[in-house]
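Each of the next two complexes has chain A plus one more chain, namely chain B in the first and chain C in the second.
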Partner chain A sequence: MIEFKQVSYNHPDGTNALNNINLKIKKNSITAIVGNNGAGKTTLVKHINGLLKPSKGEVIIENNSTKKSSVAELSRNVGMVFQNANHQLFADTVKNEILFGLKNFGFDQDYIDKRYELMTNLFDLRKYEEISPLKLSGGEKKKVCLASVLAWNPEILILDEPTVGQDELQKNILFEFINTLHSNNKTIIVISHDIEFLWRLQPNIITMSDGRIIEINSPEKIFTDKELINKVGLIPPQIIKIFNGLGIEKDIPINLEDACKRIQGLMEE
Partner chain B sequence: MYFIANGFIYRKSNSIIHKLDPRVKLLISIQLFTLALLVSNLYNLAIIFIAISIFSLLGKITKRLLRTMIFATGFSALILIINYFAGYSLIYSIQIALRFIAIVCSTSLFFLVTSPDELEYVLRWFRLPRDLVFAFVTSVRFVPVILMDTLQIIDAQKSRGLELEKGNPIIRIKKFIPILVPLIINEVIRSGELAEAMESRGYGISKNPTSLYSLKLINQDLIVMFITSISFISIIFFGY
Partner chain C sequence: MAKEEIIKFNDFSFKYSSSDANILENINLSIKSNEITVLAGPTGCGKSTLLRSIVGLIPNMYDGEYSGEVIVDGIKIKDAEIKEIAKRVGFVFQNPENQIFMFSVERDIAFGLENLGIEQEIIKERIKKMMETLSITHLAEKAPHELSDGQKQRTALAGVLAMEPKILILDEPTSLLDPKTASEFMELMNKLCKEKGISIIIVEHRLDLVLKYADRLIILSNGKIISNDKPENVFNYKKPIIPELGVPFSTKIYRELAKAHVEFSKPVTCADDMINEVRKKS
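And now, the complex of A and B:
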């Protein structure tokens, strides 16, 4: 369980980034955070692995306050993949990039070897292991970043804008991958502006604006609330637009196949 | 790092000092810098610090200039200790240390109240080569961007268990490799992209490009220039 208790955060220059945040994120859940630029999404998640400490209030991860732990201690259980892969990659080979976190956390060699094998197979990176990660394409770089974080098997995974710069194929792989992690009892938090991706993923959605949480609800409730989505600068997914156009506001299908069947049914009626 | 860098980064403001012609601001900074180099007693150093305080108050940059001072104090303490143990008197060592703070503050004062655009106009007014001016001003303009990149890279590596605060000095220096490599690569990529973007918008086509703005001294600038120059000359000739 991740819990924010009356958390406020001010940047070093004094600007208020989070304002009295109260939030509970259940274990083994998928949660998405949406909102316009500067809403405080990244600032919020940086509190989970202790990169930022609250100016007021408390963040509690598995009954422990983040104030008492270092970033390294918290990161053992909270993996965070940043938006820009180029901010993370530095090693001479993909292999060393993946091993970086495992070595930092001081795992024994057997475990390191086992996890490395698993990651290279899972992300299909074996062919690149002796290549510099900087020479890879954007999608491959993102894979290396994910592999290098998942390598130490954190219980909570935070993905900051994971679909940015990804083609549809990569997005599909990411979608499958998040669902696999979820079925392996991981807690996943995604920051994204990719509404179509979030609609497919069907996470709990936290909407933020001006450092505050405006609403926490299901994607259907969030994306059909026109006033809310206007306020946070979102556009509803295509499926919702189509069904709203047909006068349907509830029980909107999630995938394209179901949507087609439903429309076919409507036409027959 | 953010704390230190903030002592050198320009922020827009409506103060009297911000509104001055950039050449006047440069002149004030050079005068303070020169005085800091030339004065030899604590009394004159005190005058320099009073002048810096007045300009920072008028420029509404006191807080940020204090950060610069704190940053410079660390180095000046080192200067004081080295001088003292090298056999110089305590008073002389303090003077040298204070001189260093005054030099850093006079430079910081200029950069805190002068936008990169104004800096460009001043350098071009000196008839410096356009490419050189552009390269210098761009590097100043990119300081906050590089700072943000650095902070993000530190966050990304800390999230993978990198502990910069642990270990002996050699290990700590080695720990900066995961910060420096992505930073340098990012900036090389960014400079390449910037060069392409500039070229695709016609940079370099005209040898003598026109400018929307030109520098003009107004009464306010002339008054400030007169007062500071008189004070500067008085201290130089009568003060030490």
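And now, the complex of A and C:
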């Protein structure tokens, strides 16, 4: 369990970025954090792996306050994939980038080899293993970042805008992967503006604005609340627009198959 | 506004010196003025390379083998001076950090204008207008490191638009913006294109956001153009589409229903079209 108790955070220049955050994120859940640019989403998640410590209040991860743990200790259990791949990549080759975390956390060689093979196959990166990650395209850099963090199999995974620059096939892989991690008891937190991806993922959604949590609810409750989504800089996914436009406000279908059935039903009425 | 050919690729191929194979292979392409052209395709298919070839970063900044020609607004890019290209084409990068470097937002917007030798009075006026258009007036004095990613992106765009280019090139411009800001941004692009006659070329994976405004959709795969048509023609259910393409949900429904022999009056590419088509049938 991740718990924020009355957490406020001020930047070094004094501006307030988080204001009295109270939040519980259950183990083995999928949570999305959404909100307009500058709402405090990234600042909030940086408190989970200890990159930032609260100015007031306390963040507790599995009964331990982040104030008492180092970033190194926290990151063994909390993996974070940054929004901007260039902030994360540093090794001379893709291979060394992926191996860095695994070696640093002191895993045995068998495990390192196994995880490396799994990650490079999953993200189709074997062909780039000797190339500098900085020479890859934007979408491919993102894959290297994901592979390097997922490699050490952290209990809590934070993904900041994971779908940016990713094509549909890669988004499908990411979607499957998040679900696999979820069924393996992992806790996943996603910051995303990709409303279509979030609708498909169906996480608990935390909406933020001006450093505060505005509401926590299901995707359907969030995306059909016009006043709320306007406040937090969202627009509804296409499926909500379609069904709302056809006069349906509740039980909006989630997948393509159900959407087609419902639309066929409407046309036969 | 009359439409003319503003960008032309003739038998164009390019291979980066660091790579073994051509990233773009024998591209023949004509892009019309006063249109919004969306460029899509799998990661690594050559989209960014195509954009770099239009703005002259290729061959000026990237080494490699260049063959064929790229002509932009009447000038041959290979032989043109960067300044001549910059007067015609504005480029907003995927990562705004590659673009903004001055010590304040206001100074950053002024930079390109001053380089073109434009009068101070006009510069001030354009900065003011651009900051208003992009809702960043309150950030005028802020340094780049004090900005959020979305604010950096808007600052980069303001700097480019202030130069009043005929052609605007955008590499995933909405990827860091929240959906509402992204949608407003696309409205602004549509206005710039339809009212000011700026030709806009956008690389974007999230087609649901941009197709509503697109006059043309070009799909690139493995360095080759595999489709170049109006979006509704590209997505006609009779044609195959590559699985890497982020097809809008309404288009997915349209194509899926076509398999069950439910036909609409035209291919659907946005939510409004889907609502209208369903209403017609019920």
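Keep this in mind: the second predicted complex is superposed on the first by the 269 of 269 C-alpha atoms of A that agree within 3 Å, B and C clash if a C-alpha of one lies under 4 Å from a C-alpha of the other, contacts with A are read in each partner's own complex, and residues count from 1 in each chain.
As a convention for this text, a residue touches a chain if its C-beta (ideal position, glycine included) is under 8 Å from a C-beta of that chain, and two chains touch if they have at least 3 such contacts.
It should be emphasised that the depicted structure is a prediction, and the values quoted were computed from it without experimental measurement.
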Fit or clash - chain C, chain B, common chain A: clash
First, second, both or neither for A:84, with chain B first and chain C second: both
Touched partner set for A:173, first chain B, second chain C, both or neither: neither
Larger contact residue set on chain A - chain B or chain C: C
Chain B versus chain C as contact partner of A:71, first or second or both or neither: first
Contacts of A:49 with chain B and chain C, given as first, second, both or neither: first
Contacts of A:148 with chain B and chain C, given as first, second, both or neither: first
Overlapping segment of chain C (options 26-34, 116-124, 206-214 or 260-268) - the one that collides with chain B in the superposed model: 116-124
Where chain A meets both chain C and chain B, residue numbers: 13, 84, 86
Contact footprint of chain A on chain C as seen in their complex: 18, 41-44, 48, 94-95, 97, 146, 148-151, 172, 175-183, 205-206, 208, 243-250, 252-253, 256-257, 260, 262, 270-272, 274-275, 278-279, 281-282
In the complex, chain B residues that touch chain A: 2-3, 6, 149, 152-153, 155-163, 177-179, 181-182, 185-186, 189
List of chain A residues in touch with chain C within their complex: 13, 34-38, 83-84, 86, 135-140, 143, 161, 164-171, 193-196, 229-230, 232-235, 237-239, 241-242, 245-246, 256-257, 259-260, 263-264, 266-269
Partner chain B, residues of chain A touching it in the complex: 12-13, 46, 49, 51, 70-72, 75-76, 78-80, 82, 84, 86-91, 100-101, 104-105, 134, 148-149, 152
